[in-house]
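Below is one structure, written out as structure tokens; comments come after it.
Order of writing sets the labels: A, B, C and D. Residues in every chain begin at 1.
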Amino acid sequence: MAGKSGRTIAHTQNKSLLKRLMCWESMLVILFIIVNIYCSSLSSTYQINNVLREMPKYLTEVFLLLPMAYILVMGDIDISVGSIVCLSATVACILGNKGLPFGLVLLVGLLTGALCGLINGIIVTKFTELPPMIVTLGTQILFRGIAEIALGSGGSISLEHAEGFRMLAGRVGRIPYILFLVLILAVIYIIILSKTTFGRKLYAIGSNKLAAYYAGVKVQKIRLIVFTLTGLMAGLSALFLTALQYGVNTTTASGFEMNAISMAVFGGISTAGGKGRLQGGVIAAFIIISLRVGLGQINLNPQVILIILGALLILAVMAPNIVEQFKLMKKRSSVK
Amino acid sequence: GSSNDGGDDAKSEDGGSDSGKKVYAMVAKQAGNPFMEKMAEGFTEVVEAAGGEAIIKYPEEGKADHQITAIQSLISQGVDSISVAANDENALQPALEDAMAEGIKVNCLDSKVNADSRQLFVNQAGVDEIGQALMDAVLDISGGEGQWAILSATSQATNQNAWIDSMKEIMEGDEYSKLELVEVAYGDDEPQKSTDQTQALLSKYPDLKVICAPTTVGIMAAGKVLQDEGSATKLTGLGLPSEMAAYIGDGDDSSCPYMFLWNPIDLGRLGAYSAIALVNGDIEGAEGETFDAGDMENSPYTITDAGDGGTEVILGQPFKFDPSNIDEWKEVY
Amino acid sequence: MSDYILELKDITKIFPGVKALDGVKFQLKKGEIHALMGENGAGKSTFIKVITGVHRAEEGEMFLEGEKVNFKKTKDAQEAGIAAVYQHPTSYPDLTVAENIFKGHEVLKFGMIQWKEMNRQAETLLEQLNADFKVTDEMGTLSVAQQQMVEIAKALSTNARIIILDEPTAALTKNESEELYRIVDKLKENGVSIIFISHRFEDMYRLADRVTVLRDSQYIGTYDVDGITNADLIKAMVGREIKDLFPKPEVKLGEEVIRVENFSRTGYFKDVSFKVRAGEIIGLTGLVGAGRTEVVESICGVTRPDSGKVFLNGKEVTIKEPSDAMKNGIILLPEDRQKQGLILSWGLGDNVTLPIISKYAKGGFNDTKKERELAKDLLESVDTKAVSIFDKASTLSGGNQQKVVVAKALAQEMKVVIMDEPTKGVDVGAKAEIYQIMGELAKEGYAIIMISSEMPEILGMSDRIVIMCNGRVTGQLDRQETTQERILELAMEKSEK
Amino acid sequence: MKNSKSILKKLTASREVSLIIVLVILCVAIGLRSPSFLTLKSIADMFKNNVVTMIMAVGMLGVLLVGGIDISIASTLAFSGMAVGMLLKRGVITSTPLAILIAVGIGLVCGLLVGLVVAKGNVAPIIASMGFMYIYRGLAYVISNNEWASADSLGDFKNFALGKILGINNVVWIMILIYIAFFILMKWTTLGRKLYAVGSNREAAEISGINASNVILFSHTMMGVLAGLCGALAVSIYASAQANMLYGKEMDVIAACVIGGVSMTGGRGSVLGAFLGALILAIIAKALPLVGIEAIAQNTVKGVIILVVIILNVLTQRSMDKNSLKEREL
């Protein structure tokens, strides 16, 4: 039915293919290709098999990127994930060394992560006055603190029965299992965020918590779920990380949170909430991995790599803003 | 060459360098640390003199995580040897096993990895020698009796814990019976925390005679606190002469009568010599083997059992720095 | 020449994709009160923002006392003696009332802010307005209407010669509006020229000397208020005639649908009880801050009451969250459309369908196609002025935003519809449409609660009127048996005591 | 009677007072377990050791007030500290005031850059400062050339942090002066109030003629200046400059502000609050070794204390709100 004034409202979008391709994700794909060409030109040892071999360590961070993207989309932040990884790994190692069946060790590792996430979730949802940043800063210190106590004066535990974990670090041909898992999970996470009601609600929460609440979105319940999920993924990351270093120590995974956040942001997800797509985050993760592996081949001072990554991060976020402003100017003059 | 297909295998096998030089890599504990820098200097000097190429790889941060990626990158580059100053005894095992499986020789220096992950440990000084030297210093400085305390790095630092354990064992002896170890404090190798801990020790134990700080950051912070306050408590431990020169002296206005360390340059050199010997096939890292270390003091060195299932070679005794030699050494490292 | 203190010629303002003003002219005489009227989205707010330098016009000229001026920033306009109260409160919720009033022209001595003096001056201003809050209160704790008062005080504090008020009465009840009239009159006596925007005819008749009408970004005409008729004005504004402003259908009331018993929440309201029958429209009214919003928010689970029960069709229901209320068919159109009602950065379609995505989804996956069709239908049914359902909600004018909120409610299955100030800031045309919808809903047998501060609306639309004062229900009256005076009496019960 | 009640009410309604209560309880509890904690010397030491956090907390207050955040500050500090350290070590400069001036200058440029990217480049503050966190820390390493500048090479400069005026350490004086300056700035100047205004409602601020992006730029520049200054102070206090100095300190500074009641969404917070927050953290750091908590459990205790303090604060705030509601007559 048309309105009383006979006005009709369009409900389809005719975006040309070109316009559809003109998005941040396409930029990132191009950047990914450029980075890879550049790295291959830097060193003859930047080869696919080497990249695949070095990749697993970095992929453990991508496990965290996925739920972190959800958290950021909701306008929240979780800086305790690195500590959760450490604590989960600690628990898994201790139980593994006690001789528990490997399946059970995996399960408990995951559950430890989920429990930590749940604690974060409970605090941020029960005390909504508190910014998640400061809550997770507290738990960041706390979770790693507990791991420190559990790790004892040695500060590290090594696996006595590494067979199970060795399996996790296995490969099909040259391709590590973890890559398969990361890709599968990435696809699932992307679909959930972009195609399901759950995803839409996350964007609603991030765009306007209050309006989402009034519209019947169970804001606090969803936040609780996502924080717990983040913990669970940290547990998963912990298991693979354990497999990659046959054990755990007090500094395990410190700084993972910042890496996960910068991947997400590089991929176009705004820390202010409600904006960005996970596709971008995943591509950005692979750009960063390529760059780290590539620059590692020429033994560049890692501090210089950090400077490059820092600058890249800032530019990546600033570029679309500048493009937007430019577009606005153009649009304005075209209406005239 | 921008080949992405994994071809050109021959090249990657004999090293990343084009000239066919042997490539020896050292993985430092962390960047921005003068001790590591001096070690790297010695390492590079020897490798280059032998006609090889040295790669010094710094991890992003002083953590085992980052050393793993550094080692993997070196494996990709097909280096001939990796010498690592480990941040964690066990965490590097999978990476180093990979390296050894690729035919890369692995030794460690300064702080070790477990026996399965290495072929040889280049030890700066035997744990017991260090423990003994420090214990004797405490005994001497305290005048034979009274309270003393330890200011260590982190409570998990492997080297420090080994030395502290050794000191505690030595303290069982009769001559140390009048000494009372009141506390082991941890400054986490952070200046501020180490300062807090030192001050806490002083206020908790007004009669404290000696603080022993077997860590370069801790000893610096403690040296400063004690000297600024003109405290009667004196200091010894392990420190870099260049950093500690201001605090070493006999008088009341100096906080540290003397302290110990080994020569990091020599440690790097011995690391390089042993790596070269491993790569050349002169040694395999087995007990009883010997190798030549150029003009180094104790050359040729003999490989001994490290007591952890692996082997080691010991650089020498810890070296004592006191007012008589500090000015000379502070220029060196 | 300088008959006019302010004169604008051929003003054209373009937003990306929208021409908000198209060659608009305007003349303000010295010391006159000039009303600016027009439909939602006609460009009124944009026009005054051009005057005050918030926006810069692409074309056109502006003369102040005959001299050409070009305001680059709002500061320029302020310095030229123009002060404005914008439609959407532009206050600082974390700062005190006094600081809000004096922001930008603080009382200084040696470069230091003189808090005492500033508070004193602010107090004097608020006294003039008969405000019932303190100058040291935090702005964020005030109700919307109280905030509006602060905004007015702020405009007064600059001693401006031109004061612009954009819908100052939208959030005010009859009583407070009277206060405002008094103040505006006083300003006029002091030689201040005033432009004000309102969708309420009574405001215009009571205050204005002349009225300028805008429609679809264009200038329609300027008329003397004496001698103009309602019908003429509406025709000028809407471009067509509206016969029945309050299309209240006669509905046979059904069974009781919702009953609220002994609702209390510490500090907000106490012992509130009322019931609504199928097809009934309840008008909930009272003075600013009487607690009406709080009551309905507690019914809908936005906040939790300390005690009290809600019965739906005779059965008690527990409602902990808005989603519970929605499940039970109780739908709330919140008071603050920008903060509570809409996600401004989203398209209209997504806004409308947000409450029901789960119902439409297949196995958790969004059914985008269906959603869009539904959104289109609903938005058209309330006659939203928009090009497509992908337009961002932030680009709509206030009244059109309100229509989107209505459409959003219509998307849901409902038994009880609660509308908190549904026509606040809505133009006559749209108002009539919203009343029309309300009537249709009543006819279909829904129970409706309408919170309103506007007397004609309350009297014109409600079957029964529930009056609150200071957190308590002071009376429940049948429409037939009541008068404005009786309602006002009950609404001010407390002050008589 | 009524008057005294209203004063009491006023007192309990203020966040700072509830913090002071927490503080007193904390001090008494620690003092009972370890009498040496409450000695003059111990307190003087505590202030000296925490000057850096305290100074940066007041800068962070400015940044948080406008709704921003700056996590690059520890890196800025390391960069300026390392620069000064290396200049002194190489003998390029010897004068203490010059060293401090250079550090401040470096901090100013660092902060300005962060501010420009945030205010003019429209980059979210956490991201912009995260990028610069990597960049400045990297620069600190690069200029350090893998060396430390230590006591022996710092010459006279290290004595600056030893000097006292009226029995109070120079660096503590600097902190006090900065706090006084900020107190005046935040309470009585229009510039300070602009920080509040922009953080409270940026759009409104812009409409009322405040150039919000310049205010944001100012807040980050100020933060940079203070971080730069702290670089010099830290080098002097610890007589040592290291590229990884005060790594991760930014989180302590942010925690101090939040504990002190500064809102992370902008618009709320006071200089006194920032100070009290920093003081609470300083006391915790000072007390943990004193009361004999095992080193290995210290992080756990610290984490728990932070969580308990912030949650307690919420709970007291809630009950205060509830009480004031109860007084409203209906």
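Here is the rule we use: a contact is a pair of C-beta atoms (placed from the backbone, for glycine too) under 8 Å apart; a residue touches a chain by one contact, two chains touch by 3 or more.
Owing to the predicted nature of the structure, the values given are computational and were not obtained by experimental measurement.
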Message: Report the chain whose CA-based centre is farthest from the CA-based centre of chain C.
response: B
Message: Report the inter-centroid distance (CA atoms only) between chain A and chain B in whole Å.
response: 36
- line: Cα centroid separation, chain C vs chain D, in Å, comes to 43
Task: Provide the C-alpha centroid distance between chain A and chain D, rounded to the nearest whole angstrom.
output: 30
- line: Contacts with two or more other chains occur in chain A at residues 148, 153, 301, 303, 306
- line: In chain D, the residues touching two or more other chains are 141, 263, 296
Task: Two or more other chains in contact with one residue: find those residues in chain B.
output: 31-32, 155
Task: For this structure, give each pair of chains that are touching.
output: A-B, A-C, A-D, B-D, C-D
- line: Counting only contacts in the complex, chain B reaches chain A at residues 1-6, 8, 11-12, 16, 31-32, 55-61, 63-66, 68-70, 72-73, 75-78, 87-95, 98, 114, 154-158, 161
Field: In the complex with chain A, residue positions of chain D that touch it
entry: 69, 117, 121-124, 126-128, 130-135, 137-139, 141-142, 251, 254-255, 258, 263-265, 296-304, 306-307, 310-311, 314, 317
Task: Please name which positions on chain D make contact with chain B in the complex.
output: 34, 36-37, 39, 41-42, 45, 49, 52, 140-141, 144, 146-148, 150-153, 162, 234, 238-240, 242-247, 285-286, 289-290, 295-296
Message: Taking the touch rule as given, give the residues of chain B at its contact with chain D in the complex, in rising order.
response: 30-34, 36-37, 62, 155, 184-186, 190-193, 195-197, 199-201, 203-204, 217, 220-221, 223-224, 228, 240, 242-247, 330
Chain C to chain A touching residues, read off their complex: 14, 16-17, 19, 58, 302, 321-323, 325-326, 332, 334, 339-346, 348-350, 354-355, 357-358, 361, 364-366, 372-373, 375-377, 379-390, 408, 433
